[in-house]
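Next up: some structures, all given as structure tokens.
What follows is a pair of complexes built around chain A, which joins chain B in one and chain C in the other.
Moving on, here comes the complex of A and B:
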């Protein structure tokens, strides 16, 4: 029943969107009616999504999708998150978020009516494309042809609280760019004033903030769930999310220039189209199954071709409009040796190069396989040695960029900065020299600390401290950059200074980690609702009274016959101690302990970035 | 000049789409990468029989025989799907040596499975810790390898063998 409601409301939503698309030419609508229909179609899509969720929650195995991906003895939260833990459901979530964005956009005020209408029509166009894709190739409402009372289960790796939130937030980021895309295209068609740039700025900030949160959640999830001890693997799917993120960052910064009357409209339009294209391209690569990783659910050529077509239509349409309706000549840029405009231009160029570098690394294996029928894999070494160096000058620049002037070459308080930089370099150099010197470690730490320091100098020497919202809005760019600086420190420490220890232990053995005694108490097997848990129990720092318990082990999921590893992590503010329980051989357990210094800084940095993204949204 | 720059995104788009399309149409399944082991010597292995610990099979034992190696387990449901085909192969190609590796399985469960569904294999080797599968680069069960008389891997298939695969891909090599 719920499947039927879901399918019908989806079908009705398609109908309405189609109606909206042709309305411009066939029916003459009043604006109010038009918006009404947009909202109704959004709500219908939402209803369709919730019907599917209902089928999951009630374990309605007459729905084929539920049968394939769920199991009745799964905890409720994984029944809910199971809705998007599969290809069909995740595409419906995609569509649902697209609708939500249209819904909220239809309430935007201070925007010219015709312009808003045109934007919503383009949204309706996108909605139609993706809903047709769902109906024809990935229908989640198919009826199960056999009568069963139990489902096949959900990939155990996806049974995690992280999964409940990571995809929806990430999708909100991806799909949020659809609004930016539609605004930019509508802007090209109408080619009116610059008012739409402000609207675009707000929405691109929203999308970027969601994307940042989504990527970070994914990383965090990989960190504690995959049990490899790292949080970023240059996995193709990670790269795919990084591309719109960097392009989106460039977009947000370009939109900054609007305030200095220095907007390069053409560039902004280009970036807006690019961000959404990269999002759709990412969807294509993952959903077509071209890329295999923990993220791909199924490979199916017809789906791939359909979504490739959508990607081609959207991107081709975007860039074609861009080609034909080129924006009016904008003001010439006031480029000086070092002012805000030139800093922003350099930053944009670097980010685009970084995006293209990642794009190349991601599609290179496809091209090689088509040409030479060889399978190669482009991984960490390529990205580390190309993307990171490209970003370094940008990081250097960002420390001072917010305080540069729009019009002149002068930097106020430049002496403070020079002095600060020299002292900091010496300190970091001494610190690195005393520990084992590592070039990347030195560069990373210097950059990170420099960004933080320069931003703090700027905050205190330019603005009077006041504790009100306005003050926080003014210093917001600096805060965002402090977040990046802190994240860079965390990234550098946790990757360059990671320490790995291997042990073969019997139960009851004691061993030393980082100068502290650890007791390997025992290994215990317990039965949980939907899995069997094998846990090695460790007591950390037994010489003190307050020793800490750590459990690391594996889960065995009988329904899908899969084993997942569950790392035991002891979080401290300056390091994570990461326990992995390996296999047992001759009564000895293999235990790997990783010491990841300052991982918490990465998450802290991200939280700061998300915070300042939210603050920036409220700022005009 | 300006026009040409604006054209670049479209050109890149077209290139990406063309390559992706060829990739999709050429039926390249990323789940089935061209094995790095193809045309290489079969990995060295040693395994005891499921039915008798003392009976050992080694790489040397399959020299000079055309061999089909199949990794299976009683807990693997796709294995059940392809299972009947091995009896067909057995009947049609009596000279082909059928070697099954029982992967990460309980001996009792495996024996029951082969009793219920029948045992088409000439030899069932035990790979309880999965080390042999590791040597072969097994990705998921079931997986099959065709070895020629010179001990080279000439074909590899991931997933359950179907009639089509048997007819179009394996039989021409037999």
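Moving on, here comes the complex of A and C:
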């Protein structure tokens, strides 16, 4: 029943959107009516999504999709998240978020009516494309042809709270760029004043913030669920999310130039189209299954062609309009070595190079396979030795960029900065000389600390401290950059200075980690609702009274016959101690302990970036 | 003080430190060499995991082989060559710099040079 409601409302939503699309030529609405229909179609799409969710929650196995991807003994949260834990459902989620964005956009005030209408028409066009894709190739509402009373179960690796919320937030980022895309195209058609740039800025910040949160959640999940001890693997699917993120960052920065009346409309429109194209292209690569990755559970080759088609339609349409309706030549840029304008231009160039490099590295194995029928890998080492060096000048620049002036290349208090930089370099140098010296570690630490230090100098020497919202809005760019600096420190420490210890242990053995005694108590097997858990129990720091319990082990999911590893992590502010329980051999357990210094700084940095993304949305 | 001065000082400092770093960057023991190499090799039976990080049987075998070869005094290059002959280029996370991959390696730096020229040309003759 719920499937039927879901399908009907989806079909109705397609009808309305198609109608909106041609309404310009066939039936002309009054403007209020037009918005009304946009909202109705959004609500219908939402209804369709929730009826699928309802089918999942009630374990309605007459729905083929539910039968394939759910099981009645799962906890409720995974029944809900199971809705998007599969291809069909996740595409419906994608569509749903698209229409939520249209819904909210239809309420935007202080924007020209015709402009808003045109944007919504382009949104309707995207909605129609994707909903046709869902109906024809990945319908989640198909009826199960046989009567069953149990489903096949959800991929256990997805049964995790982090991964339950990761897809919606990530999608909100990806799909949010659809609005930016529509605004940019509408801007090309109407070529009015610069007012639309402010609207585009707001929405691109919203999408970027969501995307940041989504990527961070994903890598946090990878950190504790995959049990490999790292949090970023340059996995193709990670790269795919990183491309629109960097391009989006370039977009946000180039939209900043509006404030100095230096905006390059052409470039902004180009970036807007690029961001959404990359999002759709990412969807194509993930869904088509031509990539080897931890995400390949969601793959099916036949659908790839359809998404590829959509990708070509959207990108082709976008760039065609871009070429035909080129924006009027904007004012010439006031580029000096080095003022705010040139800093922003350099930032954009570097980010685009990084994006294109990641794109090339991600699709290069596919190209080689097609051309030479040979399989190669392009992995972490490639990206580390191309993308990171390219970004380093950008990192240096970002420490001082927010206080540069639009007009001149003078900088106030420059002596403070030079002095600060010299002292800092000496300190970091001594620090890294005393510990293991590592070039990357040195560069990373220096950059990270320098960004934080320079931003703090700038905040205190430029603005009077006040505790109101306006003050926080003004210093917001610095705060965002401090977030990046902190994240760089965390990234450097946790990857360069990671320490690994291997043990072969009997139950009851004691061993030393980082100067603290650890007791390996016992290994225990328990039965949970839908899995069996094998847990090695450790007591950390037994010499003190407040010793901490850590459990590391594996889960076995009988429904899908899969084993997942569950790392035991002891979080401290300056390091994570990461326990992995290996296999048992000759009555001894293999235990791997990783000491990851300053991992928490990465998440702290991300939280700061998300915070300043939110603050920036409220600033004009 | 102008910013260009600031950048000049900064460049000197960085160069100075880079010179120092080379001095301390020489000795490595075998375990570290094994680690550095196996980090760049793909575990063929896993999902996008490096041999160093993986505990699969395949990875453990390769780790042993690599260690043995280092002890025999083989260079990193020889070991890579050996592994590529056996398993194909797919095992290398860092693509070889050969005819097929030249575009992959050169492309980012070509873009960087183009970008650099763009900036230089646009800012030329506009010194304040």
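In the analysis below, the second predicted complex is superposed on the first by the 617 of 620 C-alpha atoms of A that agree within 3 Å, B and C clash if a C-alpha of one lies under 4 Å from a C-alpha of the other, contacts with A are read in each partner's own complex, and residues count from 1 in each chain.
As a convention for this text, a contact is a pair of C-beta atoms (placed from the backbone, for glycine too) under 8 Å apart; a residue touches a chain by one contact, two chains touch by 3 or more.
As the structure is a computational prediction, the values presented were derived from the model and not from experiment.
> On chain A, do chain B and chain C fit together or clash when superposed?
fit
> Considering only the touch criterion stated at the top, classify A:48 as touching first (chain B), second (chain C), both, or neither.
After superposing on A, A:48 lies clear of both chain B and chain C.
> Identify the partner contact of A:442: answer first if only chain B is touched, second if only chain C is, both if each is, neither if none is.
second
> Which holds for A:308: it touches chain B only (first), chain C only (second), both, or neither?
The first partner, chain B, only.
> Output check: A:69 vs chain B and chain C. Expected answer is one of first, second, both, neither. What do you get?
Neither partner.
> Can A:373 be said to touch chain B (first), chain C (second), both, or neither?
Only chain B is touched by A:373; chain C is not.
> Looking at the overlay, does A:417 come into contact with chain B only (first), chain C only (second), both, or neither?
After superposition on chain A, A:417 lies in contact with chain C alone.
> Just chain B (first), just chain C (second), both, or neither: which does A:349 touch?
After superposing on A, A:349 lies in contact with chain C but is clear of chain B.
> For A:320, decide between first (touching chain B), second (touching chain C), both and neither.
first
> According to the contact criterion defined above, which of chain B and chain C contacts more residues of chain A?
In the superposed model, C touches more residues of chain A.
> Look across chain B and chain C in the superposition and give the shortest C-alpha distance you find, in Å.
When the complexes share the chain A frame, the smallest chain B-chain C C-alpha distance is 5 Å.
> Would you please give the residues of chain A that touch chain B in one complex and also touch chain C in the other complex?
292, 374-375
> Along chain A, where are the residues that touch chain B in the complex?
For this pair, the touching residues of chain A are 270, 273-274, 277, 281, 284, 288-292, 299, 301, 304-305, 308, 311-312, 315-316, 319-320, 322-323, 326, 363, 366-367, 369-370, 373-375, 561.
> Taking the touch rule as given, give the residues of chain A at its contact with chain C in the complex, in rising order.
My answer: residues 228-230, 233, 235-236, 292-294, 296, 333, 335-338, 342, 345-346, 349-350, 352-353, 356-357, 360-361, 364, 368, 372, 374-382, 385-387, 390, 396, 408-411, 414-415, 417-418, 421-422, 425, 429, 433, 437, 439, 442, 582-583, 590, 592.
> Show which residues of chain B lie in contact with chain A when the two form their complex.
Against chain A, the touching part of chain B is residues 3, 6-7, 9-10, 13, 16-17, 19-31, 33-34, 75-76.
> What residues of chain C sit close enough to touch chain A in their complex?
1-7, 9-10, 13, 17-18, 20-21, 24-25, 39-40, 42, 47-50, 53-55, 88-95, 100-101, 104-105, 107-109, 111-112, 115, 118-119, 122-123, 126-128
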